[in-house]
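Common to both upcoming complexes is subunit A, partnered first by subunit B, then by subunit C.
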Partner chain A sequence: MTQLTDTEIVTRIRSVLGRTLGDAVDHLAQDADLAQALGERYDSLTAMECITAIEGEFDIEVDFVAHDVRHWFATVARMARFVGDRLEDRALLRSER
Partner chain B sequence: MRTEAFPSVAITGTADLWCTYAAIRTLTWLGRLDDAPGRADSADYLRARRNADGGYAWSRGMPSDAWATFYCAASLAALGETLPDSDRTAAWVRGTWSDSSAGAAYAMMPGQAPDVWATHFSTRTAIELCGDDVPDRDRLLAWLAALQTADGGLSWSPEHGDADVRACYYGVAAWRALNTELPWDVPALVAWLRRQQVAGGGFRFGPDAQVPCLWATYRAVGALAMLGAAPAGDCVTWILGRLGDGGFTRWDGYPVADVWAAFSAVGALRDLGGVPHDVADAVVAALAGMACPGGGYTYREPELAADALRVAAGALSSAPDDPGLPRMRRWLEACQLPNEGGLMYMPGRGAEIRCTLWALAAGAFPDDGPSRQAIRDWLARLQNPDGGFGYWHGRGSDLVSTASAVEIARLLDGTVDTGRLAAFVRRCATDDGHGNVPGAPATLRAGLHAARVLGGPTPRVVAELLARHRVRGGGWANQGNRLPDLLSTYEAVATADRFGIPVEGVDAFLARTATPAGASWSPLDPGDSDPLAGCLHRLLRKRFVDPSCELPALTLS
Partner chain C sequence: MTSTDEEFATSGTCGESVVWTRTRDQLFSEVTLLAEVLGPVDRVVNYAPTTHLYGRLLGDLLPAHLNVPVRHLWDTPWQVPDRTPGERVLLVCLPSTWLMLRSLAGDLGGVIAVHSTGPVTPATRQTLTRLAGSGFRAVEILGSTETGAVAHRTLSPRPARASVWTLFPDVDLVTDLVTDPVSPTEQPLRVRGPRNARLAGQDRPAEPVSLEDLVRPVGKRQFELLGRATRLIKINGRRLRLDDVEHEVRVRFPGVDLVCLPRRDEVRAEHYELFYADDTGLVTGQDVQAALAKAFQGVPVPRRVVRVAAVPRSATGKVRIDRLLAAARGAVENAL
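After this line comes the complex of A and B, so read on.
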């Protein structure tokens, strides 16, 4: 699989989040804190839905204990970095086989 | 009767749904809703309780129930707000319709047995708030008719058989919403209600109640009014005598003016000729002092509005030599109030089973024989005909409450009817475990509750349940095995210890849920210093430092 660019990752994350959170996500800055910007609309239940959707979109797995999910899933920019790191790890593992 | 003032425990109250409903309803009756502070915030507070299934919950993340759904919908309507997607709310209510040998009625949650609390709430939600109708009027009327006991009053369900003025009010209010012919022997019902008025003018819940109170008085007066009757003797003088400087109080000798006493007094006075202007002004002023800054209301001044769960959490988290511990235990013991032997979540509200468990686990009544016996007696009355327990008297059974009851009996060296308990647990069984109520999906905590109630599954069965919900990185999840949470992890460890099953590998979970303010409920929860989460986290940490430390089998949901 071709490595995704940062822009492509952000675009796909916004699209995934939009399915749960609506078009409010389109106008949010990448470093905007979702819980602060969306209030109760981005509580832990919604965050869980979003994380599951992002896992499915990028075929990655989030470990809710090992990964600091409160930190990594607080903003679009952090989500993109988290996803990019996971994709990079996976590509590295495959190249070493 | 216990009458001492509540000692200071430095816990600030937060908005509560029942208090919010009672305050909004009272102000609406008085035509003084414009005086309510933070109306928009209160509406937001109510809307935030709506679940995707269309029902409403006591707090965000909890399952919908009939009580919360009625209180949210009725309060929103009183505030002039449109009920969001009322068709979906009506559909959720229809999902609680439940058959019974006597007919059919509503249950508090889908799968539970019907009771008169839920039937009152959901009949009114369907008809008065959603513009819907009940699924089968004839069967509901048959069920309501079967509530009447041999002595004329109405009971919690046809199977219960003990009459109470609250059950009378709820049954009659459900009938009124149906706007059809009366299903009871009305002279007998009126006579039974009138017999609950005692010397002095107030009403009691039923023949076994110790003292009259404003809540019982409102329900009796309200039921009589809907039946076109009135109390036999003067009642207004007794009600007005309950008004002090800070508002209405519920019983003689009880010092705290609260939102439910205001609600009950105003509700009764409306049916007895009206509320005098000076009384209305006093009530409005008292309620203004119970409003919470972020919207909604609590039961008294927020800075004094502690509750039994948070005080118990504080006591359980304290070191044995903490100088504040005796004060917290005294506060909890003061939550045992007249008429019901259990402890109340908020003083003046009504005895509740989980709060009673938490308070006993926190060391309330260690050597107080009469108080411990009062709890045993209350527990014996609380067991439902299906063998299980509900949160309070007359409410349908669930495994959270049933596990709480068993643990209370254990702490008090008491007994419960185990054969009937087992029958209810069997009804909650599914193909792959146990649900909290009959027909509910299997979860870890319901399985742990069933195991602790029965006490009989082999450790292998419990170990398999724990293995199914064990999260690879650490901790346990209530559903599946992905997102661990603190309550499930606490109950998993407490139950494993009870069955002698070794547990380890919780360190990473505890580290992830530790926060500067205490603990979060899950790795995703922002962790806003909830003292209950802090308490469970602290007890778990202590348990892993000292494996001989026995975790109390606390339940919440």
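After this line comes the complex of A and C, so read on.
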């Protein structure tokens, strides 16, 4: 599988978040704190929904013990970096096999 | 209501609230029964809001009854419970909690998760499978604000009799609806018990109480849970009748044909999707979503709103769900 570019990852993350949070996500800066920007619309259960949706979109799994979920899922930019790192790890593992 | 009574609101349909009163004795009795089913506990980690009966019982009253510490984490459902080796920790779970629990590892002997408030999700089963052999235990409680805890069952990755529930000892299943005792038929879950709540303003509890579930009795003290008897779903503890949603959309957008389908949901356990046909082409999914958000405040809007060319129906007018889902593939799906 071809490695996704950072821009592609961000676009797909915005699309995934948009299904849950609506088009407000389109206008958010990448480094905007979702909880602050969206208020109650990004409550703790919605955050869990977004985590699940992003896992499904990129076929990755969040490790709630090892990963600081509160940090990595606070902004679109951090989510993109998190997803990019997981995809990179996966590609590396596959290349070593 | 006396000073020791407690009130719990169930969200009725269309947003109206129904208040149920429980005496302190009823709550104490329930906590005692729950403690017996769950076994020894050194500490409680609670992921359920204590404003609802489930969270109040297991997150507040049970720790007080057992005189053990409790940590409330319902605002941070992603936070993994801390634990010292050998400690018997009770995890009071919501459906979303199971996503996080799959990340636990190692020796989990003594850890017990209690699940209620909605049907078991695929994440629950995935977690149970991953943690098999770790000592992790899980118990599911079936109940309602009106009745309190009605029945319980042990959750395991490959249960021998997954759907069989055991009644709590003070609850009786009303089986007079069963017409053939040799071959019991389906019936509503209808129970009698001393913990039934009183409707606000009434002196005594309703007796018996019928819940929105279909069951098949197994002997006198057990039953199989067959599913919801009606199109009532519960999202985030808020009840919603899908018939009411459809009615609201029809009133708001005359000429629109639609159907709502209940859906299992990883995070909220239950959810629903809405499929509609609009010959005028003027009604967007966002319009529908906005109308429902206004009509059913505090209840999540449909997980998906999908516009289809037509809602397929049989000759008798019954929705052909198979054809509907086929038509929905590639149809206009409005971002929610």
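Annotations
In this section, the second predicted complex is superposed on the first by the 97 of 97 C-alpha atoms of A that agree within 3 Å, B and C clash if a C-alpha of one lies under 4 Å from a C-alpha of the other, contacts with A are read in each partner's own complex, and residues count from 1 in each chain.
Note that in this section a contact is a pair of C-beta atoms (placed from the backbone, for glycine too) under 8 Å apart; a residue touches a chain by one contact, two chains touch by 3 or more.
As the structure is a prediction and not an experimental result, all values here were calculated from the model.
In the superposition on chain A, A:A35 makes contact with subunit B only, not with subunit C. By the touch criterion stated above, A:L92 is placed in contact with neither subunit B nor subunit C. In the superposition on chain A, contact of A:F64 is made with both subunit B and subunit C.
Of the two partner chains placed by superposition, only subunit C is touched by A:E49; subunit B is not.
In the superposition on chain A, subunit A positions 44-45, 47-48, 51, 63-66, 69-70 are in contact with subunit B in one complex as well as with subunit C in the other. The residues of subunit A lying in touch with subunit C in their complex are 18-20, 22-23, 44-45, 47-49, 51-52, 62-66, 69-70. Contact residues of subunit B toward subunit A in the complex are 48, 60-61, 471-475, 482-484, 508-509, 512, 520-526. Residues 35, 40, 43-45, 47-48, 51, 63-66, 68-70, 73 of subunit A are the ones touching subunit B in the complex. By the touch criterion stated above, subunit C contacts subunit A in their complex at residues 74-80, 96, 99-100, 102-105, 236, 266-268, 335-336.
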